[in-house]
Structure formats: structure tokens, C-alpha cells
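Pasting the structures here.
Next come two complexes built around subunit A: one with subunit B, the other with subunit C.
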Partner chain A sequence: MSELKLENLSYFHGKGTPYEIKALDGIDLVIPRGMITGLIGHTGSGKSTLVQMFNGLLRPDEGRVLLDGVDIWEKPKTIRQVRFRVGLVMQYPEYQLFEETVAKDIAFGPRNMGLGEEEIRVRVEEAAAFAGLDRALLDKSPFDLSGGQKRRAAIAGIIAMRPEVLVLDEPAAGLDPRGRDEIFANIVRYQESTGSTVVIVSHSMEDMARYCDNLVVMNGGKVVMQGDRDYIFSRSERLSEIGLDIPQVTRLMLRLKEMGVETDGGIYTVEQAVEKMLKLYGR
Partner chain B sequence: MKEPFVETRELSYRYESADAAEPRVLRDLSVTIGKGEFVAVLGHNGSGKSTFAKLLNMILTPTGGKVFVMGKDITDENMTDEEVLALRKRMGMVFQNPDNQLVATIVEDDVAFGPENLGVPSKEIRRRVDEALSELGMSDYATHEPHRLSGGQKQRVAIAGILAMLPDCIIFDESTAMLDPVGRKEVMDAVVRLNREKGITVIMITHYMEEAALADRIIVLNDGRVLLDGSPEAVFEEEALLRSCGLAVPQCTELVHRLREAGIPLDGACVFPEQCAELIMKSLNKER
Partner chain C sequence: MKSIAFGQYYPADSILHRLDPRIKVILTVLYIVCSFLCKNIISFALLLASALLLIAAGKIPLKVILRGLRPVLIILIFTAFLNIFWTKGETLLFGWRFIKIYAEGLYAAAFILVRIATLIIGTGMLLTYTTTPIALTDALEDLLSPLKKLHVPVHSFAMMMTIALRFIPTLTEETDKIMTAQKARGADFSEGSLVKRAKALIPILIPLVVSAFNRAEDLAIAMECRCYHGGEGRTRMTVRRLRFVDFIPLALVLLLGASLILLNILGFGYTMR
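And now, the complex of A and B:
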């Protein structure tokens, strides 16, 4: 499946105006294929701007975006094709539902791709299933759905395009714990069964720790850390410094260390913490 | 029990469009919230939390039961508009999306909007605006444009706007849901301070267990009814029950429960990492 690569990429908000801000600053980054990558950073760190580079919603001022080695801006007229290949689920996507029925809304992307009716029907059902949306809801108006169901419908609309790279900006924001778990479980299932490349943007370090194989940390428009979970969470102090929330059990381990208990970094789930503590107790 | 601020008696609500077969959003809910209390309301999406908040603030009218605010029956049909307005002034509400509740182009104008509408004299408005902004740590931004602020700053301006109306109670309806961790902390620090220092009654609806843990009391709603009502420590002890209705407990609480199941004697409830560290240190020292 597909790999995204950013080379020395920079972007300015309000370029040429007195309010010019460098939103992205010389980013070199590889989003590995067939994995779930988590993008972390506080508000204003540039992560939402960055994801809009992935599918060509924004065009870099400097540097390149490569999809499987090809510069997506090589032929600007075909940028639409890139948007079918890299699906972006924006923050609060439920505000973008607009069709008469859920099925029509999900079908909007595939229809724009010029697919035939039968193919569209198949994709709508498949996407609804992946997003955990009950079939009975397909004929309802999207405005009659609950918040969580609307979110699923919006995600299904992107999945129906069968993107090679699926990018989700805060897919679980505003949902209760069970809703969050379900959305993430659906994303993991989509990734595993299609082998797609997935990027998730989230503030929740606990969710990131649970679901992402690879983590990218942004600060001030730059990538400041990249690596697997163990690597990233063993640098919890640095994460705190740049204003990120670290999981509660990671904070607990730091506190115990201050109190003189021998703990190692890189503990970010309850399971790991239980194991570590049992060892400390000699059991 | 403290002097009651709001009290609901067998409060029920059913959406107008819903057919008779649809269950009521709230079912015979009876709760009393004391003056100066800090109460967090938890519940999964669709449990009735937001409806509850809107009923307390008279945005919605109940389909059954009664609501008393400071001893006055706000569901009484004979209440005059003046009486309703007078009570509404006492209770402010902060919503989820900061962009939906700021109206002016300058921060201090936005904060002045409420008291202006209440007909407060302009000198007094000036005083209240300055005081409210200072209370929320936003004085330096008085002449800024709200849309250029961060999410946490916007919510603090929204809170200042309510504070300028001198309320006795503020209801927060998932007011931190759209904020990042820094913004969430800014808002929560402000909420705790308003409660502890100014004695404002706080009713906070949230999905974040750690925010709920800061409250004096947590009410858990499920299917429109009260499932649990108690201190954060007591409520989070009920891990299995919370999970069965789609909620979770803080990681540290879960850790303590797991360790206890493994036979490690840990006494006391625990919600925060600092507490948890103390608890573990105490028991480790005993073992050695």
C-alpha cells in the first residue's frame, strides 16, 4: 500500500501579509505504509495544517509531498485524483453531512469518482459496515442520527472511496469512552483488513498509546520526535515540556521515581503498569 | 446538607417529535444540588446529561415533574417573565463550542454583552467587565479580537461574560470537549477557582473522568435515571458498573483495582497519580 513522504516542506499562513506565520517549518517525514501513525501536538503546533498537505487541500510554499514517490503537485490539474487516494476525515465531520439520506451522503465521494451505480451500492454498504453504522440507518436523514452515528456516517463517506491512505483528524473528539473505543476499533479493523496506511491526529495520549504503531510529535511547526510507542513514551518529561498530556500511569511512574522507587520510562498502559508494580512487590 | 440551590422532583422529559414508543430522555429524576457545591455529571452520549442541564437553565420545559431554583418552582405556569428572567440571571451556561457563544468583535465588548442586556449602568458594567476578565486571567486580552484567541482563551472569555452577570451558579455543558490539554487545564483551573474562592455553584457535564474527579460529587446518569451519586472516590470504585454503561475510570483507579485483585493490599480510593503514588509507597514500605 501507499507511502507518504514529505521533503523539506514549509507553509505560511497569510503569506505576503503583515500577519504572515510560518505554520510548517522544513518538515521531513515519512508516513510508513500499512501502519497506523499517530500525529500528536498541541493546538497551533501545525498538525491540522500538515494533514491538509497530505491530500493536496493546501499546497506547500516550499518542499514536496510524495505519494508513492510521485510529487502530488507535479500536475496540479490532477490533484483531484490524489484526494480520492488520500481520504481526509476532518475535525467534526458530522457538520459536513448534507444529503437527504445517509446512503446518499456516503455515496457522494464514490459518485464523484465516476463509479457505476452497482459499485457505489456495494461500497456504501461496505463502508457503513467498516464504520460500525447499522444498515437500518442508511435510509434515514443524517440529521436524525445521534452525534456518534453522524460521526460514523461521515467516516463511512471517506472509507467508501477506499482510500489508500486514510487520515482522520480527531476522530473521537466529543464521544463518550465507549464511543471512542468503538470508533478506534473500527479504524483498526479497516486498517487490518485493507492494509491501508492510516494517520490519526489526536490530543488523547492514552488513545494514541493504545492504537498507534508509530508516533510523530509536532511542536512549533516542526517534527520534534518520531518513533514507536516505547521510544516516545520513554521521553515523557519532554512531552510534558511541550504542553502535551501524558497518560496518567506514565505520570504515576514519574512520581514514583521522584519518591525513590526504581521505575523505568515507557510505561503508558494500565497493563504495563500492573506488570511493573507486581514485579516491584515481588509477585 | 447545604442549603439547596436547585432541586428536581420526578423530572421527566420527552422530545416533542418522539413517538410514544420512544423512551423518555429523563425519567423521574430527583436530585438536589446544594449552594456552593461542585457537581460533575457523567453519562454516555444520549444518557440525558445535556437535557438535564438545559432543563435546569430553563432552555427546555419539562414534560413532567418540577424544578426548584432557590426554592422557587420554575415550572410553575404562573411565573411572570420578570421572575423567570431574575432566576435566569442567577444561572449561566457555558456550551461546548467556544465559537458559537462569542458575539462581539472585541473581547471586552463580548464580556459586557450580558450585563448590558440586563440594563446595568455603564460605570458598573466597566467595573464588572474588568473584574471578570481579571478573575479569568484574561485582562491582557481585553481589546483583542476573540477569533484570534486559542480555544481555552475563548472559553475563558465566555465564562467571563457569564461572571459579569454575577451568577450564583454556572452550568458547563462539555465546555472542554473541543479544547486541547492546555486549554482544558486553563478552563478547569478557572472552574475550580470560581467554585472554591467565589463560592459559585458549579454543575459540570463532561466525558473526561479526570475532570469529574475534581468535583465534590459525581452524578452518573444512565437511561435518564441516576445510576450513581457520590464522591469521586466512591463513584470510581464502581468500575464494573461504570463500564457496563459505556463509561471508564481514570487509569490510576483501574491500576489500583487490578493490583488489589492480584492480592496486593491497597487501602483507600485513588483517582489522581499523586494519590496513587502515596498509596503505593505506603504499602510498599509495609511490605519491606
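And now, the complex of A and C:
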């Protein structure tokens, strides 16, 4: 249950070469503890670069990353410990599977932490359960699993490290709608039962509106907005300005507003819309 | 990892870039032969001049060429050193205890330096800097096509080379991704004994090989869907035709070779034995 804080952080791709690009530009950010935070932005807005700052896979060129108030780069030699505390599930994580069995693969992280066999066994089963992975699959080869199962196995591999902060980069990319819903439901259940801090990166506004308490909007390597869900969606116009896909229901409400109906853009679920409509019609 | 730019092709618009790649392959072979024909001081001067001419014709920045020479710098210095101190001759220039430097040694060192440098500049200017890898494989396929009569699968080899070249950047990127993912799980590639470090590569190599096989299969299916069936009856999108101007460099290099042979017969100046 840790708090992540970024202070005036900047990062350049290809620093010192003629192709230098400023990927992150003066980021000030707080990821509140014990909540699900959504990180939204376009492709190329710097989301994936930013999450690699969280666990020290990339080192910022300027600024600091604070985990519970301590700069993670204070002792660069112990950066591995930070990676166990901030678990990062990369995009398309199923490509990292390599062991003979799913259980062994999930155990890779805990084993790197130097834990005992018994502890590892407990954690593997716990992580598999959280990721929604059937126990019968644990002894199979990871290469025999379906796409969705592989994704779960990879997520379990990070959860097994029992990270204080769990970061997932596009956890539902490339899955069918049912697979998406299941993955997100598992993440929400994991967060509720462990109370840990979770960050989800996505460009899908619908998913973000549904699952995240707190939102961070990125554009062009900068944080454009951050705040709770109601705050962000009450500024839906601003979201469409930077070209983000706002939820269908919000779009509908904005359109009604243009046509003179007394509604606003701060509505992001169908239930809210129904309530608003009923109120307008005086029922 | 991303800094590994594959090949050294340097895009520019020059006579050498526009020259037919098949001619360039032939020229390279001839140029290598020429550099070994050199035996005396005038022919080496001629060789050096031709290398400078190539640099001028290729419009490649001198900085890039010098960077290309850097990996062989050690070899250059080492051979020059050996030649200066170990060549025995008649004209003693400097002698102190066991160190004896002869004029012949200095000549030999200079000749070797010029030969290696021009070889690298010549092949670089004619091929690697000015020809894209794809154009190069196409040219090799054309030049080797007579071997088809002997049932050598020339087209398949060229296609294999093209595909291999095409996938180098893709696989580099993939390696990078897998390494980052395993690092996020606490993998450590920089510490421990040699055995431990070799073992640390397993979590990278297995996913990489698996994905390479998957890609190969996808590519094979995609090619079959487009009715690829080998080189038989296959035509190219761009058909290269030799123009008159393509033969001018060929004539120039042949002229260079001829004059080098002539110089060897006449034996001007200091001649290497």
C-alpha cells in the first residue's frame, strides 16, 4: 500500500544523439494509495515510457520518482528491490513466458526475490487464483495455453511477487470483449481483497470510466489532467479536444446539450444517463 | 539495443548510389584484385587516389567513413608496428641495441596501411554505404543465376537472405521487449559468475526463439496465400537494365588494373619483393 509520486520528471529517447526526442516533459504526478488509477492517452503520448519509470526500468533524465517518499534512484544498486515492490505487467506480457510449466513461470519472480520453496508454492497458487487461472493449468506448458490464459499466467507472474503497487500496461489489449471483462473483473477483485495500489494503462475510455477511481490524462509527454473520475469526466469537452475517445454515453449527452437539452458532459455510465433523463422528464 | 543500426547503408543521391548494383558487385571484386596488384610506390599512390575519387563520387561524409575504419584501427596499428620493426632490409635508418629500423620496413608498413584502408574504403563506397541490402541480394541473385543450370537454388538463397535482413530489426526490438519484461520480474543480467549470467539468458532466448518460429510460420502462410512458389517464372517489380553510363566505371577500373600491371612490369621507384 504505497504511494507513488513523480516530481518534475523528464525523459529523452536517444539522449545525446541527433534523434533526441523529449518523451516525458516535466511530469508531476501522484498515484494515490489503495485505489485503481487509470492512465489514459494516445499511442505515443508517453504512457508506456512513464510506467517504466515507476519501477526503475528507465532512469529519468530530470526529476525524481518517490516511492513512499523515498527516491528510488537514491541507491541505484538496489533498484531490483524496487521492481519487486512495484510490479509491472508489460504490454502483451504473454511473450515473456519461457518455463516448462505455468507454475514454474509464475515462480520466476518470487525465485528472483530469493524466497523459500514453500513460500513460493503458496504465492504461485494465490497469484493464479487472483489472475483467474484454473489450478489444472499450472502443470501445463505455457505454450499450450490459449491467448487469454497466457495473459493471465503472465499477470499472475507479477502478482506472485506481492507488489505494493501493481501496474498493468494495456492488460486487455487484443482480447475479445468477454476476455476483457474477465481480466478487469479480476484486477478489481485483486485490488479490493489486497487493498494494494493499482495503475491501469489504457486508451479505452469506456474501460477507464468503468473500473478506475482516479484518472490521469496524458498528451504529448505531458500530464494534461489528473483527478477523480467525476472531475475528469465533467471536462469531457477537453478530453475530446485532445482527441481521446470519450464514452458513447458521454458523447450522446454532449450532443443533447448542443441541441438544447439541459444535461452535461459529466455523465459516463448508462445508469447515470437514465437517472438524469428521468429527472428531466420529472419522474 | 536500438542503436544497432543494421548495415551501413547511407542514403544519398550520388553516382555510386545510382550505379547498377550488379556492376557494383563486379567492380568490388575487380577493385580488390587491383589492390593486390600494387607493388611499387607509384601504383600505391594511384590506388590511394582512386580511393579518394570513390569517396568524392559517393557523397558520404568523411566522418562516417572514418567511423567505419575505427574497428580495424587496432589491426592497422599492429601490422604497421610489426612491419616497421621486423622487416629487414639494406638501408638502415635507425639502430639502437636490438632495435633496427630499415627504410624497407617503413615502405612495407605504409604499403600495408594503404592497402587495407583502400580495401575497406573501396568495398564500403562501392557496396555497403551506397547499396541497400535488398538491392545487393537482388544483384547477387542475378550474378549467380548461371549456377541455376547446375541446379543450385540461387533464388531460394537470395530470398532467405532478404528475409533474414528484413527481420533483424524486428528481432532486435523483440529482444529488447523481452529483456525489459524479465527485468521487471527481477531478472539480473549483469551480475554473478559466467555460468549464472549464461543461465540468465534462458528467459530471453526461449521466448525469442518461440516467437521467431511463430513469425516464420505466419510469413510462410502469408507468402503461400499470395501464391509464392519459388523463383520459377517470377518477375521483378523493378527490372534493372544496364545503361551505357554503368559501363564507364567498369572501364575506369579495368584501366586502373591495366596501368597497375604496366607499372609492375616497368618497376618504378621502390618495389615490394
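Just so it is clear, the second predicted complex is superposed on the first by the 283 of 283 C-alpha atoms of A that agree within 3 Å, B and C clash if a C-alpha of one lies under 4 Å from a C-alpha of the other, contacts with A are read in each partner's own complex, and residues count from 1 in each chain.
The definition used in the following text is that contacts are C-beta pairs under 8 Å (C-beta built on N, C-alpha and C of every residue); 3 or more make two chains touch, one makes a residue touch a chain.
Remember, it's a predicted structure, so these values are computed and weren't measured experimentally.
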item	value
Contacts of A:Gly44 with subunit B and subunit C, given as first, second, both or neither	first
Partner chain(s) touched by A:Gln52 [first = subunit B, second = subunit C, both, neither]	second
Which superposed partner A:Gly195 touches (first subunit B, second subunit C, both, neither)	neither
Partner touching more residues of subunit A, whether subunit B or subunit C	B
Which of subunit B and subunit C A:Phe108 touches, first, second, both or neither	second
Partner chain in contact with A:His203 - subunit B first, subunit C second, else both or neither	first
Partner chain in contact with A:Met90 - subunit B first, subunit C second, else both or neither	second
Subunit A to subunit B touching residues, read off their complex	42-44, 146-148, 173-179, 203, 206, 243-245, 247-249, 251-252, 255-256, 259, 261, 270, 273-274, 277-278, 280-283
Residues of subunit A that touch subunit C when the two form their complex	14, 52, 55, 57, 80, 83-84, 87-90, 93, 95-98, 108-109, 112-113, 143, 157-158, 161
Residue numbers on subunit B that touch subunit A, as the complex places them	43-46, 96, 150-151, 174, 177-183, 207, 209-210, 246-248, 250-252, 254-255, 258-259, 262-264, 272-274, 276-277, 280-281, 284, 287
Complex interface listing, subunit C residues touching subunit A	2, 174, 177-178, 180-188, 202-203, 206-207, 210-211
